[in-house]
Amino acid sequence: MNTRILLFAGLRERLNKSEVQLDLPQGTKVCEILPILFGEEAAKLTRCTLFAINQNYVTPETELHDGDELTLIPPVAGG
Amino acid sequence: MNTRILLFAGLRERLNKSEVQLDLPQGTKVCEILPILFGEEAAKLTRCTLFAINQNYVTPETELHDGDELTLIPPVAGG
Amino acid sequence: MNQIVITKEPICIVRLMEELSQHDCCGALVWFAGIVRNENDGKPVNQIYYECYEPMAKKELEKIVQEARQKWPIHQINITHHVGALPVGSVSLIVIATAPHRKEAFDAVQYVVDELKKRVPIWKKETYESGQEEWLH
Amino acid sequence: MNQIVITKEPICIVRLMEELSQHDCCGALVWFAGIVRNENDGKPVNQIYYECYEPMAKKELEKIVQEARQKWPIHQINITHHVGALPVGSVSLIVIATAPHRKEAFDAVQYVVDELKKRVPIWKKETYESGQEEWLH
């Protein structure tokens, strides 16, 4: 299952990438992505990262589907 | 005791004057002016008229002094 | 800095905005404009005439600004009231405040507008489409 | 009418004001401007860099505007966010609402600004005088 993951702000800088493509098993949940990408740091990041699929916020328990675009959203600060 | 009285808006139009000079006895109170100027209509006007002496709001019981400028203030509606 | 203006000239919002000096310490600028509406209580309005007891109005506005400054740390306050005959759609009042944070700027502008409507000796006469006129309160 | 703009060009307040069409039915226009402050938490700030996930930001702003319209009878809403590198003193955000009465316009503008800061995918990195940089939240 092919998933495109978009990274912004501090998360983008951590990986030095604004986009990652992952081939994931069916039924992978949104919350499983942080450990895959950030290893031990994931625990700390989980507390303050939100998730969006195809530009709409979703809960961490949401299952990914083939072709989904997942965005990792570190704390926002517009305005 | 010489008192200058300023009239605005509806009160001005009622008397067709923007200013009146009255010679009043010492100790005249602010609330006694409406009956002098408006006769029987005063009772109705008293409920919604405020008073200022020398450009500061005062209570209806305030006594006038020689040279005071009294302003009768019908309901305001700025903005 | 306070600026309190009562004027018979139309308010030029663009010029006001250009005049307003910006301050690096202020994160928020809140601006209220009152506009002459085309109806009131269901009656079509053609024009409003504002009458003002100007020296007292300015004094009372100064008091209101001082009260606002005691309540909130505001930097700049600018109040401009247009008096005389105003056609529908024109700007009758502008209140602007700048402050370090937005909550204070919003609160200060609302306080000034609310108190102005309660206490400042300005009166408003509406002329309706029917030709009838009425002092409002 | 809604207007939602995310732009890398500096926001020209004067032009925005001129573009804003006035409506005779609206007695109130409320306007908020967010300005880049010269300090944060006691640290002198030189510059802010705003990053934005633009398509989602616009979608989320549309949702916020719809929510505001369900709560208050607003006529016009205009949201403009400047992104990229912004020097101290420049305008980062403008939110404008017009409504028949002022309370609704004030409430709507505050709601939009509050929700924008909570939900819209825009990030802010401050550069301090010391040269140090930090992503804010």
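Labels A, B, C and D are assigned to the chains in the order they are written; within every chain, residues are numbered from 1.
In the analysis below, contacts are C-beta pairs under 8 Å (C-beta built on N, C-alpha and C of every residue); 3 or more make two chains touch, one makes a residue touch a chain.
Nothing here was measured: the structure is a model prediction, and the numbers come from that model.
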| item | value |
| --- | --- |
| Distance-maximising chain from subunit D - centres being C-alpha averages | B |
| Whole-Å gap between the CA centroids of subunit C and subunit D | 23 |
| Rounded Å distance between subunit A and subunit D, as computed from the means of their C-alpha atoms | 26 |
| Mean-CA-position distance for subunit B and subunit A (Å) | 72 |
| Rounded Å distance, subunit A centre to subunit C centre (Cα mean) | 49 |
| Junction residues of subunit C, two or more chains touched | 34, 113 |
| Per-residue overlap in subunit B, given as positions that touch at least 2 other chains | none |
| Which pairs of chains touch, using the document's own definition | A-D, B-C, C-D |
| Contact footprint of subunit A on subunit D as seen in their complex | 34, 50-53, 55-57, 59, 81, 92-93, 113, 116-125, 135-137 |
| Residues on subunit A engaged by subunit D in the complex (per definition of touch) | 6, 8-10, 12-13, 48, 52, 55-57, 71, 73-79 |
| Residue ranges of subunit C touching subunit D (in the complex, touch as defined) | 13-14, 17-18, 22-39, 88-89, 98, 100, 102, 105-106, 109-110, 113 |
